[in-house]
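Down below are the structures I want you to see.
Two complexes follow with subunit A in common, the first pairing it with subunit B and the second with subunit C.
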Partner chain A sequence: MLDNLEILVQAPVITVDLVLNGLLVGAIFALAAYGMALVWGVMNIINIAQGEFVMLGGYVAIVMVGYGLHPLLAVPAAAILLFCLGWVLYYSVIFRVVDRDLFISILATFGISIVLQQLMNTVFGGDVQIADAKLGTVFLFDGFVSLAQVKLLAFSLAAILGAILIVFLKRSRLGQAIRATAQNARAARVLGIDTNRVYAATYGLNAALCGACGALVAMAYTIHPYIGLPYTVRSFMIVVVAGLGNIGGVIFAGLSLGAAENIAGFVFGAQYQLAFVFLLLVAVLVWRNWRLARKREYLK
Partner chain B sequence: MLHHRKLAIAVMTTACLPVATALAQSDETITLGAAVSLTGKYTTNGEHTQRGYDLAVSKINEAGGVKVGDKTYKLEVKYYDDESTPARGAELAERLIQQDGVQFMLGPYSSGITKAVAPVTEKHKIPMVEANGASRSLFTNGWQYIFATLSTSEQYLTGALTLAAENADKLGKKPEEMTVALAFENDPFSQDVRAGVLDDMEKLGMKVVIDDQLPRELNDMAATLTKTKALKPDLLIVSGHSKGAATAVRQINEMKVNVPILAMTHCDSADVIGKFGEGAEYTLCATQWSPTLSYSDDLFGSAGDFATLFEETYGYAPPYQAAESAAAVQVFADAFTRAGELDPQKVRDALSQTDMMTFYGQIKFDETGKNIAKPMALYQVLNGEYKVVSPSNFAETSAVVPRPSM
Partner chain C sequence: MNNGAARLIGYLALLAAGLAAPFLFPAYQSQMAELWLFIVFALTWDLIGGQMGYNSFGNVVFLGVGMYACALTQVGLFYDVSLYNQARGGGATIFTFDWQQYLEGLAVGLPVGAALAAVTAAFLGSLVLGMRGQYFAICTLGLGIAAGEIANGWEWIGAGSGMVPPNAPDAIGNLARFYYYFAMALAVLTFLVLRHLYATHFGLAINAIRDDEDKAESMGLRTTRIKVTAWIISAFFLGIAGGIMGNLKRFIDPVDTAFAGPTFGVWMVLMAILGGKGTLWGPVIGAIVFQVFKEVSWTYLLGWQRVALGLLIVLIVVFFPQGIMGFLRERFPERFGHRVESDSPVALSRERAG
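For the complex of A and B:
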């Protein structure tokens, strides 16, 4: 472990490589986390099927590559298809659990996640698949820093989609309705907002974000039917750290999580990479609690 | 040939017996029980397993069945789907033995499920020949009724180390000066492979510079590979099922990690050639079996003949999972004949004495039940094809070391 730290000190360029690659992964996590924050904030549902939507988006890309199309086209295609799926899932399952106990919605979305996993396993088999975008790698500093173009692309798309989402929520009619419903669903209903439609749109939007994210994952990493869980867990963490209704925070938390994870993996070894991330989560929560406790004292 | 002669003798002996019994005998069958994964995450390999069993059963039945004592039996397999979960596998084994009265078991797919099924077969003293549980932890419990046709996991990559040592001079080094980076998934199978590799490295005097354990859910090895780039080991060994193989090949290319020797497991199930084309070149891959190996037997003919038959029947080239499964049925048939009766205990004892050549390789069990006669083979990806480069006496060609930097 100390040797590894020494390498980082002696060759800072490796740190640059780790941080940059970490940021690129982080952007993908952030994309899935936007969606989770949205659904959680607006509908008070923790969507356990988040990672499965990502996985489905990946399979959209794989199918499109199978038909000879460029996987980049899969990003919008996956978003549209997954939006429809989210809409359908809302009207078939989610609307029943929307105002209920959090536990029930967790169970319901957990159920959805299992169905989707098994469905994809039956249709595509359990093996790993990739969608090759046939893009090269950018090398900097004598090849010590390597940035796969597809990851750079994923990063920029994640940034663009994030920006679009912010503008959409601020400016568009539906976006305003979503925010109004998030603030007070009952008042929104009284004022003539069809909250059911707003919820359906929110859930669809979440699925669409995950779908786009999944298409990027298929291009940059690998896809198999059981890939979902890490994405659900990381989105959850990012949202917990960033707080609801804070898209800037989600982006920041996503990116720093990616970078921190990569450096921890290098220094402590890959086996402690996730442990480190969870430790970080605990630390953030403790720190938050401590800050809140101080505020409470102040109010006394 | 021997098989045919035995069969001829069998036919003649039965002919001498009263006609009535001879007629009754031809319809009798021995039922083997198997819970394999037909749904869930092992579906693909579960199917390979089932097809291997089925092909051997139909081939044996076509050839007249199995001669036990003075009777001849047909074989059949009763299948259940274990849904890729160990608990279900154990439950179904119990059901096969207790409700269906099965007295001989074929193994499920994967070490994990085999480990759940074996205590059940032990409890009921039912012999099980398994072909898809390679974990060495299956053979350290003193179990008496489990027999495995395949090489166990700690042997998977030892060929790569031997090969590296043999080619050390090409890198301008002595074997004991070589450095090795290890990236193994944190699961029982991959950790067994790692233990075997570490043992062999110690014998050869090689030095570990990286020893990372990849979390099961990880699909990004960037941190480990960055370290590999910085430390420049002579050998990089990766094992993490097909997900690990695909991730490794993809990122090694993306990040231009230049290691002289790259060895891994599960290249074929990850289809690295199909997915990455040139990116997979020169990778060394461990394999249980290859159609190009020069093994053969009387039932299937050569390894190549088995491959042709399998492809004609199922429409794709047989992965080694199918081959080792077919061999498991052959082992049972051979043991039935040698036991001369269908008492599970007698068959178990006959199994423990197995020493036979099959298209899959030599099969001979040690006292723990694992096959100690067949070595692992090692492929290298050369010009977009898997070529066997080790063991050297069965190899098609010699390995290209070091990998030319791409």
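For the complex of A and C:
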């Protein structure tokens, strides 16, 4: 462990490699986290099935590549399919838990996540899969830093998707209705907004966003049925650090998480990378709460 | 015959049935032993989640700590642990335990597991029990999985290949029956301790925390200390249950048995909610219903059990969150000592129905 730290200090170029690759994956974390913040802010639901939507999007890409299509086509396809899934899930389960105790919705979405994850495990098996986009690698610093082109592509697509979403929320009628509902659901209802449909659209939008993320993940990284929970936890952590409705914060936190995770994976060894993510979540929550406790407040 | 005597006879009858069960249904001994452990899971979860209102997904940490600590103590008393784990039941050296060593290992291992789980609860509790509601729930979810990942990478305790608890010598006889009585004794003990606890000042205090923590604090309750104490009690019994579970299953997988968040960790919550959160008998009933359902449906679902289980969670949480006891209490309030005013909604709705 200390040896690895020494390597990082002595060969800064490796650090650069880790950080750059981390930033690339961080964009995807940020996008998924933005979806979670949207659902959380508008519907007051913490969606534990977030990561499973990412995983499902990945499998859409896998299936499409299996049919000989280019994985890039999977990004819009996954978004559309997942939007429908989100819509259906809202009208079958989520609408019953929207106004209830937060723990009920956490447990209900946790149940959904188990169903989706086990379903994929039964259908596709537990193996690690990848949707190969057949792109090369970019080398920087005399070949010491290697960036796969597909990761760069995923990064730029994630950025574009994020920008589209922000413009959509600001400009379109539905986006304005979503923001109005987030501010005050009752007033929105009084003004004639069908909040139930807004909730369904929000949940579907979040699922679509995660689906697109998942297609990018399957293209640039790997996918298997159990990657969901780490993505959920990352999203949650990013939202807790950034706060609801803080786009800049989400981007910053997402990118830093990607970089930090990569460095931790190198220093502690890859088998502890996931443990690092979960412990970081605990550490972030404890730290936030400790800061608040000094003013006799707590996380709300 | 008065109420108290009837209740005592009821308890004794249940106890007798429990004692006789392994002889009546010898084919289901290990499932029944598991059931007693599930009752402990649900009872200890309900102490935190139901009575105190702190919904934890991380109680499985204490289960895993107890499981590993017990098995490691059982081995460590007589052999070198890292050699034992490298051998993985085979290899050059053969590790045998005679019945004295085996019992001695258990006699030391179970308390060590319980103590270590309690210490873990004290440490983690002082860190995370300041959080409220959903933050606590997700933080404990993270804790449970982090613990599993760490155990998965730790070579000394067998890492991802898991660990095999000591082989029982022949003198122990039927292993499932042996541990059935351990599990039953633990479940009865846990039940009695919690029953006593809920009748004391402490029980009132944790209920006050559930109902309104800010008010409880302003009334002078040392809420954080009470919460940590409750978690320690919960962890203590779960630690023992872990030790028994490890020996009963004969194999400890870091992610699938010890720190099994998606199975045991969620089942605890499910059983308590199914039976009725915040009641004494609810978790017991929930555990029985759940275990019977699980064992009966398992063979018919071939590969789809986990999917069915996820669906079950969604269905119970969305449509039946009050649980069996909650449902009965709504239906027959008089039997639970609630007086029903004749113009109350409950009485009116029943008048209309009847």
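By definition in this document, the second predicted complex is superposed on the first by the 259 of 300 C-alpha atoms of A that agree within 3 Å, B and C clash if a C-alpha of one lies under 4 Å from a C-alpha of the other, contacts with A are read in each partner's own complex, and residues count from 1 in each chain.
Everything below uses one rule, namely that contacts are C-beta pairs under 8 Å (C-beta built on N, C-alpha and C of every residue); 3 or more make two chains touch, one makes a residue touch a chain.
In this text the structure is predicted, and so the values were computed from the model without any measurement.
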{"item": "Partner chain(s) touched by A:V138 [first = subunit B, second = subunit C, both, neither]", "value": "neither"}
{"item": "Touched partner set for A:W290, first subunit B, second subunit C, both or neither", "value": "second"}
{"item": "Touching partner for A:R96 - first (subunit B), second (subunit C), both, neither", "value": "second"}
{"item": "Touched partner set for A:V282, first subunit B, second subunit C, both or neither", "value": "second"}
{"item": "Touched partner set for A:I106, first subunit B, second subunit C, both or neither", "value": "second"}
{"item": "Touched partner set for A:L274, first subunit B, second subunit C, both or neither", "value": "both"}
{"item": "Contacts of A:I114 with subunit B and subunit C, given as first, second, both or neither", "value": "second"}
{"item": "Contacts of A:T122 with subunit B and subunit C, given as first, second, both or neither", "value": "both"}
{"item": "Which of subunit B and subunit C A:D17 touches, first, second, both or neither", "value": "first"}
{"item": "Those residues of subunit A which subunit B touches in one complex and subunit C touches in the other", "value": "118, 121-122, 229, 269, 271, 274"}
{"item": "Residue ranges of subunit B touching subunit A (in the complex, touch as defined)", "value": "39-45, 183, 186, 211-215, 217-224, 226-227, 229-231, 242-243, 246-247, 250, 254-256, 269-271, 275-276"}
{"item": "Interfacial residue positions of subunit C with respect to subunit A in the complex", "value": "55, 127-128, 130-135, 137-139, 141-143, 145-146, 149-150, 152-153, 262, 266, 269, 273, 303-304, 306-307, 309-314, 317-319, 321"}
{"item": "For the subunit A and subunit B complex, residues of the former touching the latter", "value": "4, 7, 11, 14, 17-18, 21-22, 25, 118, 121-122, 125-130, 132, 137, 139, 143-144, 146, 148, 217, 221-222, 224-227, 229-230, 262-266, 269-271, 273-274"}
{"item": "Footprint of subunit C on subunit A - complex, ascending", "value": "46, 93, 96-97, 100, 102-104, 106-108, 110-119, 121-122, 229, 233, 236, 240, 269, 271-272, 274-275, 278-279, 281-282, 285-286, 289-290, 293, 298-300"}
